[in-house]
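Labels A, B, C, D, E and F are assigned to the chains in the order they are written; within every chain, residues are numbered from 1.
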Amino acid sequence: MSERYMRGIEIAEQLAAEKLEEFTTSRVAELAPDFARMAIEFPLGDLYARNGLDLRSREIAAISSLATLGNADPQLRIHIQAATQVGLTKAEIIEILMQTAIYAGFPSALNALASCHDLLTEERPCQAARRVAGQG
Amino acid sequence: MSERYMRGIEIAEQLAAEKLEEFTTSRVAELAPDFARMAIEFPLGDLYARNGLDLRSREIAAISSLATLGNADPQLRIHIQAATQVGLTKAEIIEILMQTAIYAGFPSALNALASCHDLLTEERPCQAARRVAGQG
Amino acid sequence: MSERYMRGIEIAEQLAAEKLEEFTTSRVAELAPDFARMAIEFPLGDLYARNGLDLRSREIAAISSLATLGNADPQLRIHIQAATQVGLTKAEIIEILMQTAIYAGFPSALNALASCHDLLTEERPCQAARRVAGQG
Amino acid sequence: MSERYMRGIEIAEQLAAEKLEEFTTSRVAELAPDFARMAIEFPLGDLYARNGLDLRSREIAAISSLATLGNADPQLRIHIQAATQVGLTKAEIIEILMQTAIYAGFPSALNALASCHDLLTEERPCQAARRVAGQG
Amino acid sequence: MSERYMRGIEIAEQLAAEKLEEFTTSRVAELAPDFARMAIEFPLGDLYARNGLDLRSREIAAISSLATLGNADPQLRIHIQAATQVGLTKAEIIEILMQTAIYAGFPSALNALASCHDLLTEERPCQAARRVAGQG
Amino acid sequence: MSERYMRGIEIAEQLAAEKLEEFTTSRVAELAPDFARMAIEFPLGDLYARNGLDLRSREIAAISSLATLGNADPQLRIHIQAATQVGLTKAEIIEILMQTAIYAGFPSALNALASCHDLLTEERPCQAARRVAGQG
């Protein structure tokens, strides 16, 4: 376990440990365990762990970049979940995705919103109440 | 002058009025004045003017998206200048550009840093002093 | 209802109202109703509604751009349907998609043709006859 | 000289022979003469020469795709010149470039307009008159 | 049958005839038979058939380019199978996919590895033995 | 100096030390010295230094990926020079660039060939002789 990996795992825990865990135990980890390790070490251990930018800002940058790419759905989903862990509201995340239409066009923005729909739906109070009552 | 345009111009002033001014009086404005107007109305008047996300966060998203595209240098330069108007430090902007290497690869990040080098260089105290003394 | 929205809806009706309807009542509309509105106002109300270019030409441009992007299947499907509403034949649309191989490579062209296969298949007379006879 | 090449050259002449000539005698032709030949044979000899779509429509598709790519300026310039040879007005070409903002974002559209500014400027009568009078 | 097509089919047989066969008899071939033919003639008949580069090197280039695009999964799968036909090991292909993270970012590399997982899994001896024994 | 950095520098020397040196002492290194270090550590120290793929194959992958991106000229130039250090001939590199037309379209291939023209021109014997005689 390199120091960089340990530092990366610490960040992973702040973001959404269990989600990233799921990811590193995935098909990539099975096929290319060194690469699964590098995907923690470099992005999280080297970059996210730096002091120069807070995690909330880093997640805004991540979501905007991933929606711009337009073909990085699994990573976009992970970072939307991470973003809510470090203080972004679902409404703010929706604004960020809408804004990418300016730079990357409407299809990227629309498809990002559609494919992360389940993660971004705010529970309305009555829904939550129904669920508690076992009716949801 | 539509209300959306006026609202967009207000945002433009908060970001870096003179820079965007320079832009709208550019070759695009000469060739397609309606499009230069739309480029204020939709991005700034419709999206930036919304309450759901602060301008500092919007500029993080803009810079990250534009660096990811890799072929939007003029717009990246405008938004780096705007970002410093709404509270981002040059060191934070450098972190955002570095971070795009994760999602869009090293060339995008390296070329963004290189082509905005002049905008991101921090003046060191001694340089500023020399300039005051008329030696810079 | 803004004037731009009304103008956009008029265009939507010329293109393929019911399809776009389906779209605006989709997951995006649920999550970000303002953005679903903007996706009518700006593309259709501001741009398509202009006199400078006929709708047939606009749909050629749309299909070519969306196939070039390579990750905008839902939008490509909508515009292929719209294109047939404004006078493009299926054979012409296939030519447009084939041509994108020049600029964006074979994978984009091949994948666009494959994923819109159902929309572009010409019914042969005998197939239609069979269907009428309840055998299709 | 393959038949495909001859067919391609015929199309090239309809589009803007002299411009494409300039291109095929360029640095690419010097370095990779077979590839310069293929760049006539496949795009023009195989695809453009087909009957299924008129050249005006093919140039709309070309311009829209190249502006969407965002990094194909030399080709965009060639096809804007070709487009005017087959009946598109400069005003129509500007509409096509504006429209790409919907699918590929504002930076692509703005940069395409700016970098082809010289090709798309309509001479106003008074300018032409002045030039004739040796004052332009 | 053009000479180029015959030359292309010869290459196809060296790479993984049956896979490409499957492809040319696919939905694209049904919709646009001329384009299915061109997709053999130009890539294989014109380029792959040239003497200047061995097929192993061509498949490295193909896999790297397709993983970089990030939205060309069907073609990436075909070329991974072709690569193993011309001497690349699965371990080498995994290295090539990992390396694309440098140029195109982690999402492209991770998604390529994940979506070709089934093609890249090495059978471990004990698994093979079990299968022979009818237990796999 | 991390071990990863030292390992990266060793690879850099095998590829074309002086070129990469030039690069790391560039504007990026001035602005973001940590990122210039990371750009050695991760790509070269972590990935290139692995045993699973020879450097010739790695350079084929690099050139193909960078030409596909279409907006990474500085990096493409570095890797074309590196490729010749590890055994690729200029003629082979030209084949690799031509082949990217299949996957990424003609503009990417043409622009890569044009912008690296100076690096790929083979000196003809008579030119070399003239230079020796001080006439070149």
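In the analysis below, a residue touches a chain if its C-beta (ideal position, glycine included) is under 8 Å from a C-beta of that chain, and two chains touch if they have at least 3 such contacts.
Bear in mind the structure is a predicted one, so any value in this text is a computation, not a measurement.
Common partners of subunit C and subunit D, by the touch rule above, are A, B, E, F.
The pair with more inter-chain C-beta contacts, choosing from C-F and A-E, is A-E.
Of all chains, the one whose mean C-alpha position sits at the greatest distance from that of subunit A is D. Matching E-F against the pairs in C-E, C-D or D-F identifies C-D as its interface repeat (over half of contact pairs the same by residue number).
Ranked by distance of CA centroids from subunit F, the top chain is C. Centre-to-centre, using mean CA coordinates, subunit B is 31 Å away from subunit F. In whole angstrom, the spacing between the mean C-alpha positions of subunit A and subunit B is 25.
Rounded to whole angstrom, the centroid-to-centroid distance between subunit A and subunit D, based on C-alpha atoms, equals 42 Å. Counting partners per residue, subunit B has 34, 38, 42-43, 47, 50, 66, 69-72, 75, 94, 98, 101-108 as the residues that reach two or more other chains. The touch graph of the protein chains shown is complete.
Subunit C meets subunit B in the complex at residues 34, 38, 41-42, 46-47, 50. The part of subunit D that touches subunit B in the complex is made up of residues 70-71, 94, 97-98, 101, 105-111, 113-114, 117, 120-121. Those residues of subunit D that touch subunit C in the shared complex are 42-43, 47-48, 50, 52-53, 57-58, 60-69, 72, 75, 91-92, 94-96, 98-104.
The residues of subunit C lying in touch with subunit A in their complex are 26-28, 30-32, 34-35, 38-39, 42-43, 66, 69-72, 74-75. Listed in rising order, the residues of subunit B touching subunit E in the complex are 101-108.
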